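Order of writing sets the chain letters: A, B, C, D, E and F. Residues in each chain are counted from 1.
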Amino acid sequence: MQKIEAIIRPSKLEDLKAALENIQIRGMTASEVKGRGLQNNQKQYYRGREVSVDLNPKIKVEIVCHDESVENIISTIINSCRTGKHGDGKIFVYPLERVIRISTREEGAAAL
Amino acid sequence: MQKIEAIIRPSKLEDLKAALENIQIRGMTASEVKGRGLQNNQKQYYRGREVSVDLNPKIKVEIVCHDESVENIISTIINSCRTGKHGDGKIFVYPLERVIRISTREEGAAAL
Amino acid sequence: MQKIEAIIRPSKLEDLKAALENIQIRGMTASEVKGRGLQNNQKQYYRGREVSVDLNPKIKVEIVCHDESVENIISTIINSCRTGKHGDGKIFVYPLERVIRISTREEGAAAL
Amino acid sequence: MKPKVKAVLLIINAMLLTLGLPLLACGAEGPGVDTGDTAFVIICSALVMLMTPGLALFYGGMVRRKNVLSIIMQSFTAMVLVSVQWVLIGYSLGFGADFNHLVGGLQYLGLNGVGGEPSLAYAPTIPHQVFVLFQMMFAIITVALISGAFAERMRYSIFVVFVLLWTTLVYDPLAHWVWGVDGWLRNLGALDFAGGTVVHISSGISGLIACLLLGPRKTDGAEPMVPHNLPMTMLGAALLWFGWFGFNAGSALGASGLAAHAFLVTNTSAAAGAIGWAAAEWLRQGKPTALGAASGVVAGLVAITPAAGFVTASSAIVMGLLAGPLCYFAVSSLKIRFNYDDSLDAFGIHGVGGIFGALATGVFATTAVNSAGVNGLLMGNPHLLWVQLLAVLATAGFASIMTVGILKMLTLVAPLRVSDEDEDIGLDLTQHGEDAYNYGEVSPA
Amino acid sequence: MKPKVKAVLLIINAMLLTLGLPLLACGAEGPGVDTGDTAFVIICSALVMLMTPGLALFYGGMVRRKNVLSIIMQSFTAMVLVSVQWVLIGYSLGFGADFNHLVGGLQYLGLNGVGGEPSLAYAPTIPHQVFVLFQMMFAIITVALISGAFAERMRYSIFVVFVLLWTTLVYDPLAHWVWGVDGWLRNLGALDFAGGTVVHISSGISGLIACLLLGPRKTDGAEPMVPHNLPMTMLGAALLWFGWFGFNAGSALGASGLAAHAFLVTNTSAAAGAIGWAAAEWLRQGKPTALGAASGVVAGLVAITPAAGFVTASSAIVMGLLAGPLCYFAVSSLKIRFNYDDSLDAFGIHGVGGIFGALATGVFATTAVNSAGVNGLLMGNPHLLWVQLLAVLATAGFASIMTVGILKMLTLVAPLRVSDEDEDIGLDLTQHGEDAYNYGEVSPA
Amino acid sequence: MKPKVKAVLLIINAMLLTLGLPLLACGAEGPGVDTGDTAFVIICSALVMLMTPGLALFYGGMVRRKNVLSIIMQSFTAMVLVSVQWVLIGYSLGFGADFNHLVGGLQYLGLNGVGGEPSLAYAPTIPHQVFVLFQMMFAIITVALISGAFAERMRYSIFVVFVLLWTTLVYDPLAHWVWGVDGWLRNLGALDFAGGTVVHISSGISGLIACLLLGPRKTDGAEPMVPHNLPMTMLGAALLWFGWFGFNAGSALGASGLAAHAFLVTNTSAAAGAIGWAAAEWLRQGKPTALGAASGVVAGLVAITPAAGFVTASSAIVMGLLAGPLCYFAVSSLKIRFNYDDSLDAFGIHGVGGIFGALATGVFATTAVNSAGVNGLLMGNPHLLWVQLLAVLATAGFASIMTVGILKMLTLVAPLRVSDEDEDIGLDLTQHGEDAYNYGEVSPA
């Protein structure tokens, strides 16, 4: 099993959820993060002081899945979250040792 | 060393902290996340419009520990966070390469 | 590739960003977390009730990088975030399987 | 006209008649109306009205975020229901012709006969309606105050019925006892300038009874019960303070020196209350808190309410300085000691502060301030203190018994509390289907 | 004096003269000024002024967090621009000597000749300037109300120009029609005590037109459109309610029994509106919401506005009980049905509630309340209802046509909406370069 | 009575006598009291009182979230301490019988002899106590304003002592200079309708001095210093605007045409100030901000304060249009240039705007508005401008010297600032042991 972690634009979350449901993926965990990279800074102004904001709001979506689904999920993420501009985000894939469902104590594939 | 990541109900955090202290585990990092899975959606209403909320508030607890503690911690989590209903959450276990304590530069077991 | 995850004091984020830019590291993802460990609890008071807060605000910084940069980044983090007191935080290093940039579909080193 | 339309009109017309509201000339002013006094009391009514939203914020900031709408909604519910109840029956029960010194008669049902002419008995220089309005705002906030005691656990439908029953069966008679012509406490000579007994003791004691009957909030597995938004509470306290000027100064029922005096001592006691509370915290905890200062302001305001037209500014300083630490003690020690879950200290501040204020009025009152008043203990008249004590006991006793009765009766119909699971999820979602805040991008969908 | 300084002074002096503001004695009071009435209407003006920030919060809590400053800024912009416009030209267009029953003349340009003497035609017991102030606050809130219809998408620069044009070309003439001496709707005998047509119908209808012309907010890929901060909305509703006392009671233009009556029915209808709306929700959704109660309060207030000086308290209960569910139906069903994106229901509440209130005035008005009024349908005079209907149609028609004209004209100059990308990022950042909240430690740098 | 109880009573009685508060008849109205004027000034006092919580929110929204309670608490502290100080000694120092044209005598200590009779010298148509109340609210806000300059770093205990010393040693004498009968600036003919010098210049300059003495906030390793909650700031600005009507119109001390005029020009200048500031931003940054509009409102209000009873509405437009950009320049360029850390621009807005307003009064004042006033430069009288300049210099000089003295003295006792570590953690936790917000489920335990 692997964990796919996608850092995406906040405005793409709804699209992503819909796209994933289309491929029967429902389970996920999302959280708010701020990111920097190649995307331009934002300019803000407070009483004439210009503040350059280099941490842009992003959403991190974590999906744990079977090895065979990884490819499909990745391309779904890319398809629904891509605008082609810097700031679209990244996908990171991590190895995972174990998965357990708390409510039933099931392990592994059954736990998803 | 491994990292145990538990996604739990917000109302179980206090119980979990207490249970972990009982087995001498104090170090942890917690954060707010939203999750979806098999748990039912919530219904909300705004000026007659029904909004179905499919991301439920959860807490992610991360605990880095020695390999031999993993089993004990997992069962402690299950025991204190389980209600038996959908939405109790998951436990994910990840491999870890290194652990360093910033204040002392200690590495490995000494850093925890 | 590896992921470096640093749990640091909130007041050190600006210093860390500056220090990392010095070594040409710009990409990162930051988020707010709360942590407990050896650092002392805070005392708060609400209508005469003393509340002991055992989750201290921290920032989690995640940096995905090439294997050869790991050492350099770790020492940069330590140098800029260390006060020597409990609560400075930890650095965790995780193995990573894949990295993909959404905007260009590039994989691996090119995606960073 | 289409017959269907005609039928609707007839029904509406019938409703109007049933409501019994007469079609009298309100615009016509009686003789003796003073525009300055009228302007003053109308605006004071608006100020007092603002106290209930102020309370909603004061309370709202102190609950956990999952219950903030529910507590605000309870204050709004009090405003909404009592506004209508007062017009239909409440005013009449409070200020209608005396019945056995216990309650007003039904002559003002639907504000029948209440118009632009002053009520000579109650306020001879302002239109009768202005007096009705002003008193209405008192009835509203009183029942809203109680909600602090059982915050975060009562079912909303129970609250709705509770408000209607309590205001009709407890507040209206009490108002008559103390302020109504021939009310028995008034006849006895009890002093209550702006509602210490009627408003604060009655709500504080009822709150205590209610939280005892409902039982404490669930604590196991619950997140820590700390205020979710203290700036909201501070804003609420400020609005309460602001509105309280209308409450106390307006109780002079005219733009007079007495009104100015009441305003002055009100402000003084509020300030002294905050100083007293914060000083007590500083001594005991090592740090004065913002919540403490705000709570001290309210304690000082509660304490001075019955006394505002009867005591000097220096007495107000003393009363505030005592009320602050006293209420601090009540919420931090008494509550722990006796282990009741008065969530937001409706009893600890309004009950305790109100009782203290009523008795202190018996100590500090002086006819030098107000020749219509009575001298208190310090002026050599211990009698007043006994009268005040009797008023306190009568109010507390009546409010307790009635509140027990109302709640016990309601228990027969339905559970008073939400289920444990709903309490866990929070009342906003479970009672109202709403989430107070959706700040983040990871918001509901 | 240095010549440069002198030149500057001359320029400033010239500006003053160009502005045409006379240097007349404002301190001198004319005969007939009543200090009580003056105190009352001045304070009421302050209360009405507070309604616009109240609206800013009411609206602000309902938008997504990325647009909260933009909507608050729109209310502030209305306050700021109309305050100056009113002094320079607005008051004159509304209340200057009648021109063809359609608009006021220019005699009061720059408040020329407006001083401490009462205007006998409009308010004989208060300084003329007080009347100017009071009316100014109405002009401000009216245009601010419209912003709810096109929230979260209009370019700020367009909004600025829209405010100036709309208030001058729509509001000022309308105010003249209904309230100006010899205005045609006033001559016709249409009743509008405190601005149902002028304020609520005109803004509601204009909002509808504007949101149709701008088109709906982008929904694909957007976060769910749920209110970001409901306690803020509740506070806003409370401030609206509070300020509305100034709005309606102040419209009596004196501290009279009529003012008290207007205050009473205003409060009653607000309460009944909330009861009606919440009850409808309870029946249909199974849960009454806090937002629903607050919206019902506003619906009740809107409905009673034209009627406040003409109907009884029992009629106010009926009007509120009907207005609540009616507006609930408008925002939850009508809007879905006809698929327009009236973001914050400026039309659904102010338009629908305003039309209902104007017609209901024709039904419930009675000279028993106010001998200066007219009897309505229920008192056997169907004529008034037709007059009210005509006033509604004329107002709605005029507001629609003018709003279409103004916006179409503006489209020629620049796009009305922000770009899709900017809408996505939010108007706070893209229009104002600000982020409303920076709570977290991971804040911008 | 038990001897112990008796002893306590004796002590309390002694306290009362020590406080020197007489037991005089406050309820009795003297001849010449006008209920309309009284109603007006009492309500205006309440409005001015609300400005300080308004300021608390205005400032509170601008600090970082870890310091929001500390800044709100500083405003509350000013309210609380000055309320008591004013009763005990402040009023007497300000308005007691003149001593050497510099300070009031001690005859009103503990408000001795201040009752329902009007003070003929100060306000002949309202009870003396009303004048006391109204002036009290000015004393409160003045010292609260200063807190903006050294926000986010001063120790709370130092602030407490600073408030008491500053209000007694700086504000009270200054009030006497400008408003007290026989005060030297008043004798000189300096015009200050509602407190431009006394309130704004004195607080602004003292703030500047204080922030220079304390030194800047720590910036290395600090999160970016951006406002944490701008809607809170907007609400604060709205409450300030609302309360300012009481401040300026109330300064007419009666419900007169002059009051209406002051209200009108106040509103006009506020609006023009916002237009000026936002326009300057639009030109320089490309975007007008909400914070800019709110700041411009305050700048316009500050500027018009000394002039409100002396200048025309068109002058108010000009003054606002100049004050906005001037203060914008002060906070965005001057502050950077001279590198002082006036955290929330107490000097940049109140100091700079206040000085501008005082001088502009010397330019624009005209007796056509107020025959009790004086003509200014534009009416051909350059003398007034010199007098105003002198008043500015005297105020600024006195405030600076005294503030330096007070703070230097305090430095001897204890450090003025919190430790670096405490500054890092935030003042809410370290000074008050509280956390302002606990929204999340991961909240403290």
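The criterion applied here is as follows: a residue touches a chain if its C-beta (ideal position, glycine included) is under 8 Å from a C-beta of that chain, and two chains touch if they have at least 3 such contacts.
Keep in mind it's a predicted model, so treat the numbers as computed, not measured.
Q: Looking only at C-beta pairs that count as contacts, which pair of chains has more of them, A-C or A-E?
A: Most C-beta pairs in contact, of the two: A-C.
Q: Taking B-E as the reference interface, identify its repeat among C-F, A-E or A-F, namely the pair sharing over half of the contact pairs by residue number.
A: A-F
Q: Using mean C-alpha positions as chain centres, tell me how far chain C is from chain E in Å, no decimals.
A: From the centre of chain C to the centre of chain E is 51 Å.
Q: Rounded to a whole Å, what is the gap between the Cα centroids of chain D and chain F?
A: 32
Q: Whole-Å distance, chain B centre to chain C centre, using C-alpha means?
A: The computed centroid separation for chain B versus chain C comes out at 18 Å.
Q: Measuring centre to centre with CA averages, how many angstrom lie between chain B and chain D?
A: That pair's centroid distance is 45 Å.
Q: Which residues belonging to chain D are in contact with no fewer than two other chains?
A: 34-37, 39-40, 43, 223-224, 226-227, 229, 235, 285, 287, 289, 291, 433-435, 437, 439, 441-445 - these are the residues of chain D that touch more than one other chain.
Q: Provide the list of chain C residues touching at least two other chains, using ranges where the numbers run on.
A: 10, 13-14, 17, 30-34, 44-46, 51, 54-55, 94-95
Q: Which positions of chain F touch chain E when the two form their complex?
A: Per the stated touch rule, the residues are 34-37, 39-40, 43, 47, 64-65, 223-224, 226-231, 234-235, 238-239, 241-242, 245-246, 249, 254-261, 263-264, 267-268, 270-272, 274-275, 278, 285-291, 293-294, 297, 309, 312-315, 317-318, 363, 366, 368-372, 377-378, 382, 437, 439.
Q: Can you name the residues of chain C that touch chain B in the complex?
A: Touch list, chain C to chain B: 2, 6-8, 31-38, 54-55, 58, 60, 74, 77-78, 81-95.
Q: If you look only at chain E, which of its residues touch chain B in the complex?
A: The touching residues are 224, 226-227, 281, 284-285, 287, 289, 291-292, 295, 328, 331-333, 336, 345.
Q: Give every residue of chain F touching chain C within the complex, in rising order.
A: 220-224, 424, 429, 433-435, 442-445
Q: Using the touch definition from the top, list the residues of chain C that touch chain A in their complex.
A: Within the complex, chain C contacts chain A at residues 3, 17, 26-31, 64, 94-105, 111.
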